[in-house]
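Reading through the structure tokens given below for one structure.
Note that the chains take the letters A, B, C, D and E in the order they are written out, and that residue 1 is the start of every chain.
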Amino acid sequence: MSLVNYLVLSGILFSIGSIAVLTRRNAIVAFMGVELMLNAANLTLVTFGRLHGDLHGQVIAFFVMVVAAAEVVIGLAIIVSIFRTRGSASIDDANLLKS
Amino acid sequence: MNQFVPPEIDWAALSPVLIVLGIAVIGVLVEAFVPVRVRRATQVVLAVVGVGAALVAVAWRWVVVQADGPTALVAGALREDAPALLAQAILLVCAFVGLLVIADRSSGEDAFAPAAAAIPGSAYEAEARRAGLVQTEVFPLTMFAIGGMLVFPAAADLLTLFIALEVLSLPLYLLAGLARRRRLLSQEASLKYFLLGAFSSAFFLMGLALLYGYSGSVRFDAVATAVPATSGMDGMLLAGVLLVIVGLLFKVGAVPFHSWVPDVYQGAPTPVTGFMAACTKIAAFAALLRFFYVVAPGLQWDLTVVLWIIAILTMIVGTVLAVVQTDMKRMLAYSSVAHAGFVLLGVIALVPSGISSVLFYLLAYGLATVGAFGLLTLVRERDADGNVTGEALHLSQWAGLGRRHPVLAVCFTLFLISFAGIPLTGGFIGKFAVFGAAIEGGAWPLVVIAVLASAAAAFFYVRVIVLMFFTEPTGTDADPGTTVVRTEGLTAVAVVVCAVGTVILGVVPGPILDLAANATKFML
Amino acid sequence: MPTQFADLPWLTILIVAPTVVAALIWLVKPLRRAARPIGLVTSAAVLIGVALMASAFEVSDAATVQFTQTHDWIAPLGASYAVGVDGMGLTLVALAALLVPVVLIAGWNEVRLPSGIAADRADNALAYRQAGFVALILVLESLMIAVFAARDLFLFYVIFEAMLIPVYFLIGVYGGPNRRAAALKFLLYSLAGGLVMLAGVIAVYFQTDGGPGTYLLANLTDIAADNPTLQMWLFLSFFIAFAVKAPMFPVHTWLPDAAAQATPGTSTLLVGVLDKVGTFGMIVICLPLFPGAAAAAAPVIIVLAIISIVYGGLVAIGQNDLMRMIAFSSVSHFGFIVMGVFVGTQTALVGAMLYMVAHGVTIAALFLISGFLTQRGASQDMRTYSGMQRVTRVLAGTWLFAGLASLALPGLSGFVPEYLVLLGSFEAHWAYGVFAVIGVVLSALYILLAYQRVFTGPVPEAGAPVELAGAALDVPDRAGLKDLTGRERWAVVPLALVILFLGLYPAPVLELLSGVADQFAAILGSAS
Amino acid sequence: MTNPYIPLLIMGGLALLLGVGGLAASAVIGPKRYNKVKVDAYECGIQPSPHSVGAGRFPIKYYIVAMTFIVFDIEVVFLYPWAVSFTELAGFGLIAMFGFLFLITVPFVYEWRRGGLDWD
Amino acid sequence: MNTNLAPILARSTGAADFSNDTIWVSVIKAVAILVFLLLSVLFALWFERRIIARFQQRLGPNVRGPFGLVQSIPDALKLILKEDITVKAADKVIYLIAPVISVFCAFMIYAVIPFGPEVTIPFTDFVTPLQLTDLPVSILYILGITGLGVYGIVLGGWSSGSTYPLLGAVRSTAQIISYELGMSLALVSVLLVAGSMSTSEIVNSQENLWWAFALLPAFVVYLISAFGEVNRLPFDLPEAEGELVAGYQTEYSSMKFAWFYLAEYINMLNVAAVATTVFMGGWRAPWPLVTLFGEGVDQGWWGFLWFILKIWLFMFLFVWVRATLLRFRYDQFMAFGWKVLIPVALVWLGLVAAFQGVRHFTSFDPTAIDVGGLSLRTVLFGIAGILIIVTIVMYLIPDRESKPVPDGKAAKGTTGSDATTDEPFDAFAGGFPVPPLPGQKLPPSKRRARVTTPAAPAEDETTDEEKTDG
């Protein structure tokens, strides 16, 4: 299987993720979109690592995972606190700040 | 397989970052072990001393670097060179005053929710407030953010940059949601900041991945050397560079990546807004400078168009939208967008003086920003019973403030005219330097637009001055509606430092400019 | 000539002293109550200082910059602190130094208490406001002296912009009912012009070698000589700023508003001195730095100047507001000055320079005296006045005197410069002169018409309604208005003396100016 | 066979086959006797409420556990490769890992002291 | 893959050699493993019931087959033949998938467990390791699959659309992830000394010394975590009958239920196998036997025997504990995981790392201390001994502190909460009875004399017994 396929896949994942962020109104779903984007980047990294024949890509992916995890923690904390206040995790409901 | 070679680590060179992050860690331990009574005092002292010590360390490293030349640290992940150190110093100065504002307790309470996780408006929250609980986690959080920011200008590879980006962002996401009053607004700001911030860092990461794929490395210099090699993957290279730049532009709040700025600035606790507005911008621009100046020269032709458009949009949109704002914080937010556009001129210029001028601009802007937001924290509303409540942020509430509180109003005016770039303030010299660099870099059409935008921008700064000095106060003498609270003194100190700094930068900027003139070259 | 005077850093002292006093007045509470006397003494001292300095001035060498001081200021940007005056600079510094004490005397009671202040705090509040006013005037004096003395382009620019701030506050805080809009308009116009100039200032930096001392005017000549297009752009960036400042058609619209809303004292300084910075800048910066572009643009500018002259005059005739009338007359006068600068003959240039001084004095007299009247009558609308020469004889007389000076009656200050400008214009092209003459006629019209409307005719009976813009208005008692008080007379006396002096014996001043004019006219002449 | 993952795929395929097959088998073999009560949610014999308690939400406490878990999971992610190449990374790796462990411990201690680990 | 992993594989000296295996061999092995697991579960069901019955002075199943050995088969068949109910409120697809995930993940662990050394297949001369496959990252693989297994439970509980399953699922998730940490940390110290994540290499590294002895605290932590991981008593909170009916499986029936049930038992076998492999020398013969009978007992099909024995040793332990201990309260349980297991595992890891560091990277080699022939093994044993003593001492200390409290039972809370109040606890203060918080104690009840420890497991078993036997 050509490595390009992986890149295409990661491109698709990245697009899906960003579309989810941009169009979905639920904070959690949007957040998952972001995670999908990060993982798409990870896939790209690992693929390129393979392409270049070194382990850097994988190592970077490790770091990215860590960062993503930290982001999850912070994100969950924020979303949960909002959710508790409003009983909803919709971004549209959070519109006290005029745009 | 290569034998693992442990990298040489020059601990001394890392000392500023280590000090700040070390204090942050100690701050967390303080939260865990120090009794509540003395916790806040301990945290404040730790943080202030930490930032001060880091500043001293940066100064020391500056001397060393001036003598011995720049070096690569931690196996090349960081660079210790003049621009990095200068950016760090500027950052620390702004962080220092920002920290003072954060630590201040005007009218007896700080700006942060005592129980951030409590449901706004709940009985528990009210109880926590009554019990006089204080939010002291803000100090470690701030220190972590500062730590990330310190790494930012020095980062010489994309991975380090990415991690620093997150280290500085994550605490800020939280800090944005901690406002004592207007909890819902604050939480919402936090959520928006987080979602959009995470979104942009995903873009940054994809850019990183693409650049890694193109060059086989995430080092700036490796990417730069790979640039001339035409391998049929130019599209990937360009996409990667653009995505990375998008991630950084988001942090500086450039149009079209600015949508978070007004909301977050408005919703976040005002001291945090000041800190964030100043320091994030400094760090992000310093990183953008390094990335752009190291990687972009080979790509100049492709990138220029994009960056020009972004710079123009940023200046125009920031200015135009600021004009129609009626909330002080939103107005300053849009003004900060416009300022991002001005600073971009220095980045785009791609000439040595661009580096120093951008740094100078950021210092001037940072001081004025922290000072302005510091003053915002002092102007409060007063309810029917005469109790002091939240900040008076509507423009109309500032009417006639100059009559009652001339010193405050004059300081605020000073910051505003510095923003507007009127001479004898730091803002003017900054604008002068940046525009100069842009003209030197051949971007004179941008300068023309920037000049026009500055003129238009003056309108909304001046409008505030009009309100403060020329308008009759809305309330009566007995019940002014808007009041100015006494501080613990820390904000006063911060504002005075900012004001004096702004004037010094405007009247005798020579020494600082001389210093900055040393920082005109990035170590590859 | 006492040489010990010449060695002192005169200009620096004159620049710093008022600001220091201003800071003291504003910050030190006990001094606030005595703000007005202190301010007057300071400004008088400055005037004496200027006189002493002038006595040390080498008149024979008026074209050379004297009392120079040069220090590095912002070395990385090539900016220096460089001051010095030539004949023209000295004259204008003297004008500024003269007008400040006059304005302070005239405006002694101008500062009123704002509404909504409790009675028990009124005293303090008034003292505070007065202190603020005096302090701002003094700061403005510093800046005015500095701007005429600046021998460094960067320094000039900085002061040029910084001057806006005190004026802005003077209009905005102490002005009339529409002061806010007027102040804003003033600031935005000036700032926009100034920022355009900033672009030019920066560009100049890169057109020269960009080292230390780059901005010294002495080092700057014929920027970008090999690139006429660029020079034209640079010239325009400066010219626009100066045109806004010296209100020229079509960027004059801020002036009538500002002048009408500001206190008479502020208007005096604004039109009498500050606006001269524009024409001053055209002479000392536009001409030597961009001679080629100036010569190329001169015809267009002269056309604009003529439009200013005619338009200003016509609109002035149509004004009902006394202050606006005077402001529009100034637009017309500034047209003369600009024309004098750009027609390119030495005669016209000398005329323009003298015009600046003369206009400064006459306009000051007009503003101040009109101010005395309008404050008494509580209205600036000319239609509410009539026959005032019977009620306030001295006031009417002095107003007429100043007005005649303004319309260039021979023997008064306006005549010689206007004559010189006309002469110089005819020298350059007959058409310029013809149009300029129309301006002279118009000026006679608006002054005399105004005099007729306000001061002649019957004194209206108290309570008689007057048709005003379609609405009947009860006119306050006009018959009971007081004539000029002693203080007010003392304010007018120096101005009248100078008007007479300039009209009867302008030679000393001309001597100061002609050398300078030779120099600059030569530049334009050689370029074209 | 050089690729060790192929047997895993085989194993996975078989396990899946078994899992799905079992369900299919019972679906085919088992009796089907509809009864309204049978398909209701079980709530100890009482009439079931229309929605489950909390409407499918998890109590807040679990989020805290989840977050803490993530922190330690990260730790483990880094500990494993380090442990395996312990001798190669030598003293540098050891010191780095101790630093890392310390940094992980700090928030843990913080959370402990501030009651994040108390389940009530 | 090869290019990347080649260096890592090349370093592995003790890894099993699969180069002879073909796809068909793998298929056969996989089928064998599945069969082995299914049979083991059937056996385990019987085994558990018999043992528990012994503990409770009963007989247990004894009707079908010798000693009731085939009792499990009709039990299992019955489940297939039952009606497959899908509850109304369920999220259909996930409801269906959840048990498959569970059982799938349970099956997958054994793919990397070595059953024995290289053997010659009987009746052929084909030589192959008794292991389906081995990865350079087998341990990570195991942890990963375990983590994936959580999805089965949490999705099953959530998709049922019912209260009790949801609570059970949530509890189960929290529990598994909490205890997985202790488990992972315990494993790190083994990786440290073994220098590999490959299961076969880890087994080979225990040729001289089982890590269970050298790394006793890690072993203990692992064992305890394993109980939490597989939801067994005393940690069977997700399906605590008294509280949550049957936890996440409440709404499941027929084969879907069977898969959950099966997965649970296979998971027991899984953790037993991992414990065996990582800590107990895997298929290696107990070293006294090697000393007694020579290397022969450590080779060939003998390994398989030792492996099975060791697994069932652990299985016995599970049953033993179930029969002995009571269920934890949830807060105690979480506190134990977070405040005891993880810190202990961390500290132990630090000690091991420091020891190894000193040994490898300094000239000072503690294992080379040759005072009276002290070897590595001796030193490790010494450390283990000291730790045991320390543990005992620590165990004693709170006892001494609690002595002044008149009611000895009050200080049993493991949370170590310091919120002791002097006021007596009033259970009815809020209008309805509430249990005491940690640190609070109930006032002596009037009916105290009549209260005895409820033998919950015993009662369950007997009812179960009657039903199946009947």
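Quick notes on this one:
To be clear about the criterion, a residue touches a chain if its C-beta (ideal position, glycine included) is under 8 Å from a C-beta of that chain, and two chains touch if they have at least 3 such contacts.
This structure is a prediction, so every number in the text was calculated from the model and none was measured.
Touch-path distance (fewest steps) from subunit B to subunit D is 1. Separation of subunit A from subunit B in touch steps, taking the shortest path, is 1. For subunit C, the chain whose average C-alpha position is most distant is E.
Of all chains shown, B has the CA centroid lying nearest to the centroid of every protein CA atom. Each chain gets a centre from the mean of its Cα atoms; the one farthest from the centre of subunit B is E.
A comparison of the A-D and D-E interfaces places the larger number of contacting C-beta pairs at D-E.
Separating the CA-averaged centres of subunit C and subunit D is a span of 81 Å. Once the centre of each chain is set as its mean CA position, subunit B and subunit C turn out to be 43 Å apart.
Distance between subunit C and subunit E, defined via averaged C-alpha coordinates, is recorded as 94 Å.
Here the CA centre of subunit A is 64 Å from the CA centre of subunit C.
Multi-chain contact residues of subunit D, defined as those touching 2 or more other chains: 66, 73, 85, 90-91, 112.
Each of the following residues of subunit A touches two or more other chains: 49, 70, 77, 84. Residue positions of subunit E touching 2 or more other chains: none. In the complex of the two chains, the subunit B residues touching subunit C come out as 403, 417, 420-424, 428-429, 431-433, 435-436, 439-440, 444, 447-448, 451-452, 454-455, 458-459, 462-463, 465-466, 469-473, 476-477, 508-510, 513-514, 516-517.
Partner subunit E is touched in their complex by these residues of subunit D: 1-8, 10-12, 14-16, 18-20, 22-23, 25-27, 29-33, 38-44, 48-49, 52-54, 56, 58-59, 62, 65-66, 68-69, 72-73, 76, 79-80, 83-87, 90-91, 94, 97-98, 101, 105, 108, 112, 117-120. Interface residues of subunit A facing subunit D in the complex, by the touch rule stated above, are 62, 65-66, 69-70, 72-73, 76-77, 80, 84.
Looking at the complex, you find that subunit E touches subunit D at residues 1-2, 18-19, 21-23, 26-27, 29-31, 33-34, 79-89, 96, 99-100, 103-104, 107-108, 111-112, 132-137, 139-140, 143, 158, 160-164, 166-167, 170, 173-174, 177-178, 180-181, 184-185, 188-189, 191-192, 195-197, 245, 250-251, 254-256, 258-259, 330-331, 334-335, 338-339, 342, 346, 349-350, 353-354, 356-357, 360-361, 415, 417, 437-438. Subunit D makes touch with subunit B in their complex at residues 85, 88-93, 103, 106-107, 109-110, 112-114.
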